[in-house]
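These notes open a run of structures that come right after.
Look at the two complexes coming up: chain A is in both, with chain B in one and chain C in the other.
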Partner chain A sequence: MKTDRNAVEFRLSLALLALVALIPAAVSNPYWLGVIIVSMYFALLAAGWNLLAGYTGQFSMAPACFAMIGAYASGLLSYHWNVSPWIGLPAAIIVSAAIGMVLGRIVMRLRGPYLALTTLSFAEIMRLVIGNSYSFTRGDLGLNVPGLFDSRLVYYYVFVGVLVAVQTGLFLLLRTKAGLYLRAIRDDEIAAASRGVDVVFWKTAAFTMSTAMSGLAGALYGGFSQLVSPELGLIAQTGLVICMVVIGGIGSLIGPLLGAFLVYASSEALREVGGVQLIVFSFLVIVFARFYREGLWGLAKRAFMRKPA
Partner chain B sequence: MSCLSISEVRKSFGGLHAVDGVSFDVDYGELIGLIGPNGSGKTTLLNILSGHQPPDSGQVLLDGRPIHRLKPEQIAQAGLLRMFQLTRVFRRMSAFDNLLTAGRALGLDHAEAIARARQLIEELTLTRVRDLDAGQLSGGQQKLLEFGCCFMRPPKIALLDEPFAAVHPTMKETLAGFIRKHHAEGQTFLIVSHDMPVIVELCPRTVCMNAGSVIADELTRAVLNDPVVIEAYLGGEVAA
Partner chain C sequence: MLNVDLLINGLIIGLFYALMAVGLTLIFGILKVVNFAHGEFYMVGTYTYTLVALKLGVDPWLALPLAAGAGAIVGSLTERMLMRPLYSGYTSWGMLKDEYAVVVTFALSLLLVNLVDKVIGPYSQRGPALIDITRMSLGPIMLSGQKLIATAVAAATIVALALFIRYSFWGRQIQAVAQNRLGASLAGIDTAKASNIVFTLSGALAGLSGALLAPIINASPDVGSFPAIKSYVIVVLGGMGSIVGSIAASLTLGVLEGFGAVYISYDYRDTFGLVILMLVLLVRPQGLFGEKGRDV
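Now for the complex of A and B:
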């Protein structure tokens, strides 16, 4: 019998996160620890977007928008009502998931470019509303929010822990009937419905889970950076998430993690060269989309399979 | 009460009456052929029966219960399963997972779905390819797989749209053998096909459609000798 692909990818993603967990033993520079923390924020967004695009075939253009919603949900509670960020964190997940579910009920009846365009429009509307509601959100000035922890190292391991939990959750989800239904919908919605799968329900469920993950990522990132601004929801941020998933390997458990770490670390390395990062990543996306649809993870698998025993 | 009852079903696309007042019943355990020239409305009728297109008017009863306003997944769960003319499988999932998905969605628990999928994989001679992605299977194997998905939980009625088109003779025989066996056990089928020898061999009764309407509905031999059918179907040439 064939090896369980998800189990292999899950074990490798845990191994990758174990390696990441060891980095602070060798690297103490706060700047590079910060770079890896931000990479992990993007890895959470990438894993959530991959659940939707890679496993369910629904191309949302709003992962960064839902991170912004999560960050603002937690930040506004703290700013206006002095609510502890520890309550703000679950509130961020609930608010993002609730908005995601309502939007999901509307957009999940759409397909292909219409779904992408609708989510893109929603993301821009949300960003502009937040940016222009100065009296409530402080607009483009952003909100100062209290941190969750004092130490950067604690943030580092919290992000590692959350990523382990998310990967485990995704792995377990994919082993259930929900995993079968989501992949069936990705491959052929009409066939899925004809075999008894409630397509709209499961697409909405995937959208809700994905937006909840984005909201969690946004709230954690807000606590880490202690500043929440509409820039979190920029379409360029969503572009970066898509680059990470496509380059790492869409529709796999490990691809989004690989992509997030490689793309964000390279982005920082390229920072000194000037604003060429997005040009390089966009070019790479074109190359991968044209020649290597399975991304770096697919290339690694092929290389491994060719290797003589 | 019939297994499937179709009454005065109509569907138009602009000025084209694709299905124009179609009525017929399918009794429990019947195996009915549905024939007609291209564009006669057979596939549109199947789309209405399986919930992929709502009828403009008329009603469809499955087991006495109206289904013409239900969604495709509700109709599938009610027991009407459908195979498509252009094969539809989950291409990036293994053949086995294709069957499991159908089984779970139709209400089987995990253990039941695995046991039934194993049984069907063997019965449909797909053992060697069970772990391959369905997209890697040959056209005939994909047809067999899609067919198997309809039988993960034996349906009240199976609608098969051109199940024998472009299928290797060996696989055609596997499919026909499966249909014969299950029909003998009481399974109800409605088969759309242009393959007349197969219709003659398998279906005691045949319904013929032309221009959206039923033009004949009787014993297969009688339908094939009906001058109206010959004119519509064979362009006026009388079969030998």
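Now for the complex of A and C:
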């Protein structure tokens, strides 16, 4: 009997999140709770990027940039117009989704590496624009934004809740026809188009969903750290997201989560060794991409399952 | 009234853009992938030039070819170790060649930036000038001696490259592989070697432009990111894979940025390229000089 690959991955990722939800019972050190919260921020970005890259085959270089846009959308609303961050949160999602949709609408008509090229330029230039627009955004000094909650623990569980919701949403999406269209586009765009899939529409839709998720992650993170700066959108941050997905296992539901927790936690550990984390991760990415695309999740599957799923 | 000074300076900047963009477009032409580590080839050139000249006391004129050589070596190794599996041998990505190339070259770029950051240090260093004239006037325009010499070297290199691609034995083989890889290999062309030459050339060009600009733009680990981003914009503008297109787009972008910085906004000069890119993609998705392709 054939087991449903997505269902297995989905159940395991819920189990992983349940485990994460139990951690505060054992660990009360606010520093490590903070580390896990930031890992969950990255897990959100990674899940969004994976929907686009892993399931649709479109590579965006701007997940961190859209997180920055989301964080600034909510931050600027509260800074200039005193809008509550609770309105800022949906506004952040709408703004990043809208920018993503316009960008996607232009770029997704083309096949090939155009999305990667355009989003990379877009990300660097957005960062410069925000950094240079001192009178509106306070530039590189960053914006102080009001927090959403008082306690770190509440943030913790909000992030867990959002991740559960996102994983569930992705799982359901992949079961529908839309999920099938996305994977068909990834595997062969021309063949998908010839079978009547509206390729441009679905690619744009996937990009928009992914940027909306980034925007949400950014706004939540801004509320948590209470400081929003252009550094959120650094290419190195996007690099970290890509490292997480590729190391964890691209094109699987659980890979990005696994990657985000492992990579971010070990990056904190490696920071103490002396800032070698990105050297290690980018090297691992090259090795995985070159020799074993399925990443850590693929290795785990191989180790635990007799028959390849 | 047309401002000659701005025009000339824009063309000079455009020439440096071209040095980077031509290498990128050659790679795209022959392998149909984008090299996201292109800026790091530039960075390798800048550092080689600066460190060899400053720390070892080598004459800057000798450091220049050394920098191009270092870029060439990095380019050649990249092709050998990471790109060759794309078309001969095994990657676990199956048909997802674009995807493989994006991930691998982007990771390579991260690796090189952070390696240099760790080994050499994050602080920026200024390379020595090739010539000791700070300011000279050429008719109506003022130029530094370094800028003039760098421009001359860049222009000569681009002309030499264009001649090499157009007329030389290997250049013609490269053209053939770019047109049809399978067809070229059936005609007895060593496609792997042609790809390697392209990567080597592209690395050398990026390294050379890094060295030429080292006295103007200080070397730092992420120094390559902006030249690279400019060349990504240019390559799309000029039509992916078109050499003439990328040179024309480079010069255009250099001039437009020069005028825009003065007449529109200095702070936002780097955004013009992206705006133009978006407009071009809306109207002419195949780029200004690209041919409309058709897939079978």
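Just so it is clear, the second predicted complex is superposed on the first by the 302 of 309 C-alpha atoms of A that agree within 3 Å, B and C clash if a C-alpha of one lies under 4 Å from a C-alpha of the other, contacts with A are read in each partner's own complex, and residues count from 1 in each chain.
Note that a contact is a pair of C-beta atoms (placed from the backbone, for glycine too) under 8 Å apart; a residue touches a chain by one contact, two chains touch by 3 or more.
All figures in this text were calculated on a predicted structure; none of them were measured in a lab.
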First, second, both or neither for A:107, with chain B first and chain C second: second
Partner chain(s) touched by A:294 [first = chain B, second = chain C, both, neither]: second
Partner chain(s) touched by A:80 [first = chain B, second = chain C, both, neither]: neither
Comparing the two partners chain B and chain C, which touches a greater set of residues in chain A: C
Which of chain B and chain C A:132 touches, first, second, both or neither: second
Which superposed partner A:181 touches (first chain B, second chain C, both, neither): first
Touched partner set for A:190, first chain B, second chain C, both or neither: both
Contacts of A:198 with chain B and chain C, given as first, second, both or neither: first
Chain B/chain C common contact set on chain A: 186-188, 190
Of all residues in chain C, those that touch chain A in their complex: 32-34, 36, 82, 85, 91-93, 95-96, 98-104, 106-108, 110-111, 113-115, 117-118, 225-226, 229, 232-233, 235-236, 240, 267-268, 270-271, 273-274, 277-278, 281-282, 285, 295
Residue numbers on chain A that touch chain B, as the complex places them: 1-2, 177, 180-181, 183-184, 186-188, 190-199, 251
Residues on chain A engaged by chain C in the complex (per definition of touch): 53, 57, 59, 61, 106-107, 109-114, 116-118, 120-122, 124-125, 128-129, 132-133, 186-188, 190, 235-236, 239, 242-243, 246, 274-276, 278-279, 281-283, 285-286, 289-294
Contact set on chain B toward chain A in their complex: 50-52, 71-73, 76-77, 81-82, 84, 88-94, 97-98, 100-102, 104-107, 110, 131, 146, 149
